[in-house]
Amino acid sequence: MIGHGFMGAAHSVGWRQAPRMFDLARDVEMAVLVGRSPEPTAQAAAKWGWTESAVDWREVVARDDIDVVDVVTPGFSHAEIAIAALEAGKHVLCEKPLANTVEEAVGMAAAAERAAERGVLAMVGFTYRRVPAVTLLRDLIAEGRVGRINQIRAAYRQDWLVDPESPLTWRLQKDLAGSGALGDIGAHIIDLTQFVTGQQVEAVSGTVETIVTSRPILGERSGLGGTVTAERGEVSVDDVAVFTGRLSGGALVSFEATRFATGRKNGLSIEVSGERGALRFDLEDLNTLRFYDRSAPDEVQGFTRILVTEPTHPYLSAWWPAGHMLGYEHAFTHQVVDLVAAIDAGTAPHPTFDEGLQVQQVLAAVETSSANGSTWTSVVPEPARL
Amino acid sequence: MIGHGFMGAAHSVGWRQAPRMFDLARDVEMAVLVGRSPEPTAQAAAKWGWTESAVDWREVVARDDIDVVDVVTPGFSHAEIAIAALEAGKHVLCEKPLANTVEEAVGMAAAAERAAERGVLAMVGFTYRRVPAVTLLRDLIAEGRVGRINQIRAAYRQDWLVDPESPLTWRLQKDLAGSGALGDIGAHIIDLTQFVTGQQVEAVSGTVETIVTSRPILGERSGLGGTVTAERGEVSVDDVAVFTGRLSGGALVSFEATRFATGRKNGLSIEVSGERGALRFDLEDLNTLRFYDRSAPDEVQGFTRILVTEPTHPYLSAWWPAGHMLGYEHAFTHQVVDLVAAIDAGTAPHPTFDEGLQVQQVLAAVETSSANGSTWTSVVPEPARL
Amino acid sequence: MIGHGFMGAAHSVGWRQAPRMFDLARDVEMAVLVGRSPEPTAQAAAKWGWTESAVDWREVVARDDIDVVDVVTPGFSHAEIAIAALEAGKHVLCEKPLANTVEEAVGMAAAAERAAERGVLAMVGFTYRRVPAVTLLRDLIAEGRVGRINQIRAAYRQDWLVDPESPLTWRLQKDLAGSGALGDIGAHIIDLTQFVTGQQVEAVSGTVETIVTSRPILGERSGLGGTVTAERGEVSVDDVAVFTGRLSGGALVSFEATRFATGRKNGLSIEVSGERGALRFDLEDLNTLRFYDRSAPDEVQGFTRILVTEPTHPYLSAWWPAGHMLGYEHAFTHQVVDLVAAIDAGTAPHPTFDEGLQVQQVLAAVETSSANGSTWTSVVPEPARL
Amino acid sequence: MIGHGFMGAAHSVGWRQAPRMFDLARDVEMAVLVGRSPEPTAQAAAKWGWTESAVDWREVVARDDIDVVDVVTPGFSHAEIAIAALEAGKHVLCEKPLANTVEEAVGMAAAAERAAERGVLAMVGFTYRRVPAVTLLRDLIAEGRVGRINQIRAAYRQDWLVDPESPLTWRLQKDLAGSGALGDIGAHIIDLTQFVTGQQVEAVSGTVETIVTSRPILGERSGLGGTVTAERGEVSVDDVAVFTGRLSGGALVSFEATRFATGRKNGLSIEVSGERGALRFDLEDLNTLRFYDRSAPDEVQGFTRILVTEPTHPYLSAWWPAGHMLGYEHAFTHQVVDLVAAIDAGTAPHPTFDEGLQVQQVLAAVETSSANGSTWTSVVPEPARL
């Protein structure tokens, strides 16, 4: 695994727990953790249970005893590492967003395509697909429980930037982070919408904006924030993105990605309104799904709060009895389970790099639309891919 | 109408709105409002739309142009007024609890029985039966949607006595109020439980207690409280009653009536657990009912939040389009609607005085049980009634 | 009162209840109900408690014994009636939206301005301003409890058109209704946003669309729907409007008005995210307001569910003790209370016709934006008004 | 670790995750898993990551290289194993309830006392104490945020026995399980109440009962249920226990433990009503705590929904950023963290065996009360302990 920040911890839980809670077709060994500085990397490896640590990812990627490379570095380095790993014949799990630019993503998707011909697989870490309630939501749509989809609302609301004096971290700098709320959390709701509907966002009209344009330079980092210094610097990414999308099936989708929704901590939510019913999910109520069934008798229609903890629900039979909650990191375990199953079966794990690229194209279209007075903009597939 | 406190206002809305929103078989005229002091009574009459006011209820009850007497005075005077009115041939609507003692209630039930032989009808004001979500709850049970009932929880939680320095009003004095939380709000949950199940509480085990035993003497009254004086007096009624009941069908019922549930303002709630499903209602969420249907497909089982505002729901076709909320006093309008329909049809309006008496007997059994170390105590029907 | 549909019933409750529950400075007499056909109008008048009925609104508007004209007809007739009434020296309460077009609204605002010089007042019926929780939300913003506003979400979601075979009523025809979801319910969320913030929407980018473009011709009307015939006709108004607005204070507002949100019956909601806190309201939970206070101690921060039924809350001291719910039509009573107070004081009641015109201008800008690829469009004040 | 059922899996996660997510003062090695049959035990050991497996717990308990013995067998074997382990000088973590009878528990507490003199520690697995929202609830009470406690409601509601044809598992047989809902889940709410208040239940009045008295004999086990055979057997434990307790501080507590609460899957809930505020927790909403603060300004009082995921909340700084949910098994990790810290510090880890014994005494008093017509019964400390 390359990288050892917040995502490194979460992915480590996934690799650690998957073989302990599920019956996997392959053994999992947590071999090498790679980081830039030897000491913190060695400490993280020891704590999280990786056998070795290393500082040169190129060497590690070249090793014969490594089968899978898990990339959890910041977005700007994804392309280089993932492509090298695929070319070295390693299966790759790459944290989202696939890359910081469409160009990089195109290169990665091409590398994945070439690798696939040699049986080498690539997967993007849109982990929320594997929250059981989300998977169930997708399944119910696929079964036709909501019928034709008329409208969708998808939002990802956080509030960790509300304080105008919180520091200027790397996530607020375009050269490092690519974009702000749009790429970081907007990517999730685009992927989720496409995942649950099986449709693609084909055009967008949107507005991205930076509410607090300068912030104190970061002193010492801690969590997503840290201490501040007396100097100020420019915030070069967006704080908020609101956009409307058109799905291939015709439905309008209202998107909102924001770090300024006071009181909303990790508020990813989606609501799908269909001709026969509706489904709602909110990540702050992770173990539940709400379903409105228009075919129920009139006098008892309403949103049903399904506690998604039954053994018949996705991934649940491996966990606890009904009514026992799962948490945030369980989806990382499910991601490993699905990846290992795909490797064993030799089939493409979803989301593929092509799917990751397509999300990148939607993000780019939102920025283009915003720069053009929010006018409707097509999500054009890159010619290089045709 | 005799009395013009809080209940006087609520009943006045009922009489005023019923003929305006529903198609009644009889015309309603708001004739005379009766109170102890001429001036405040006249003012209330003018404000609430009663044609006349009066101070002598005996005279009014004797008048030929009066058909219905609505008794909304404190409990200790119910028996005298209601019996006189019934004997004068007036239909009577008597606010709950029917009386302060079982003895009085027995007399009233007997009077109602005699009156019924002459076609004169009597009804007790357990108004919450007419909240549409409650009526729907009863209907769904009657249709067998929850199957055999295994357990019930019924609570009425308020918090207006939490402050130990709030004044000693008449509601805290046994000679005036009869009892405290038990008779005032406990009576409601007993009636509600019996109403929705169609069964009777046959035995109880309970504890009633006074948490704050002395309070400042009341200065000037205002709302349910008022200003305080420097003197203190003894609280002679209960603050809290917790009891378990046995229904005629066998189910255990957990009851709680309290004025010390901090943060709960008017928290009447009931949950019925049955073999085929469950139903829940909470008065602080007045327009909704929750229904769990064990016969639904496994993967979508859960509590459905039914918004009880559809035209197919009880009483709703006379009001607004779906999704438009009703409030507290609408149940008083429905009470008038049902009373007028019963008068027109010449059939007994429910709850009858017999039902009111039976609630009184349950209350008495709770007090007896509490006085005897909470031992199980039968709700013995009064011999006088047999 | 001119008109006797759904709004006629609601306004009648307002006129009937206001003097009975509040202490008004003026007496209220429900004089004449005006409709197109003599018989149904007479029936409605009798039922709702209007002394007389009439079919010629011009005659009624000219009568000396009439002080206030309440216009609850469909939007296309508002301008003619309201202007005539104002010119006849009658105070006017006009149901929203002010008119079907900006042009008509301009004329009405001009008439209101002329009337005001003669002490004749005009008010638009954006009734939701008077839901106590909404008024409290506004008050808390005005007190600075949420600080600088960063973002707002305002939605009005209904689902009564989800069935593609529901009939083509007048509300779906442009010549009669002016617009669809946008004008009918979108107008409410625009007004509400401006009301609670004290700011104006200055520019918009939006998309309006018709999901079901043809429907069966209506047979017999019933409620908002009715029976259908075998023929089909074109739906000429929008089903859904999603738009983003820019407030004068700088904040972005996400708006959604839809009749296709399956399972949402009357889901008006608003969430205001500010630098110091946040406030949320949902009409399907009419008696509550949620408040997030960033100045609370860290470990107990969260959204507080305020039950807006305390005597200290707006309008509440005239109603019931704490915890007793109000319903939909109470806001109509509050509207009458405020109108009568304004008439008595001789001051302009809000929302004024100017405010109604401004909402109309926002609606027009949304349609213009939608027609121009959703590009940002200024809400230009009509030159005629300058 | 002795035992490898459901609790074996959960405790294994605790031992596996604690050193990976927290900084522990001692290293943790998962040495030996002990079960009755060699093969399934070996399989469980391999899957869960225990180095060895064994079938003779006595041998294992005697080994020099073992420091801690974790007992997760059914209740009837707790006493024998735990006492032997303590006498062999091993620290013991024993799953709740401490034992099936007060007698056994007395012996265990005595053994723990003797062991403590030699620095050997003993802890009972009332794991829910370590759910962060519960720990926070306790902390807020300790800080005086709710003031004097007036009343408590504590319930544990499940529904896995609602179907009268579900099989007769060992949990429904008195000789194996000790008691039914009372001992299994009632024990949790007794412990929780005492934990959060720092007070003891001193007397009880209660009713325990068996709703379905005979069930089909179990065929093949699966989860908490299994397949059924044609024969039926007697259910010898309770299905439901409702009881009232008196805390040492004077407050009344309403308890309910049931396996017949249709629709409630793992519904442990507690509500503490105090003079200055109230606190509520529900395990089906595991990451939140509700707090009502009577000292807040009147107009914004209400229950605040605290998302207990902030770094300042108990245990949270070791996990994810704010807004990222924890699940059921995280409390088992926290339990290991606290046990290891206690071992390192040489101080008694809570809950001690004395605390476990006291819960057992309350359970026994409930059964005594129930057998005596629900009369109030003191929780007499066992003379043997004095």
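Letters A, B, C and D name the chains as they come in the text, with residue numbers starting at 1 for each one.
Note that a residue touches a chain if its C-beta (ideal position, glycine included) is under 8 Å from a C-beta of that chain, and two chains touch if they have at least 3 such contacts.
Chain labels with UniProt names: A, B, C, D = Gfo/Idh/MocA family oxidoreductase.
Here the structure is a predicted model, which is why all the values come from computation and not from measurement.
Across the two interfaces under comparison, A-C and A-B, the one joined by more C-beta contacts turns out to be A-C. The greatest centre-to-centre distance from chain B, using averaged C-alpha positions, is reached by A. In whole angstrom, the spacing between the mean C-alpha positions of chain A and chain B is 54.
Centre to centre, using the average C-alpha position, chain A and chain D are separated by 36 Å. Put simply, the C-alpha centre of chain A and that of chain C have 41 angstrom between them.
In chain B, 301-303, 307 are the positions where the chain touches two or more neighbouring chains simultaneously.
Listed in rising order, the residues of chain D touching chain C in the complex are 136, 140, 145, 288, 291, 293, 296, 298-307, 310, 312-313. Contact residues on chain D toward chain A in their complex (touch as defined above): 6, 9-10, 12-13, 16-17, 19-21, 23, 47-49, 158, 160, 223-224, 264-267, 283-286, 307, 309, 311, 320-330.
Listing the residues of chain C that touch chain A in their complex gives 146, 150-151, 153, 159, 162-164, 205, 207, 209, 211, 240, 242, 244, 252, 254, 256, 258, 260-264, 271, 273-275, 277-278, 292, 294, 301-303, 372-376.
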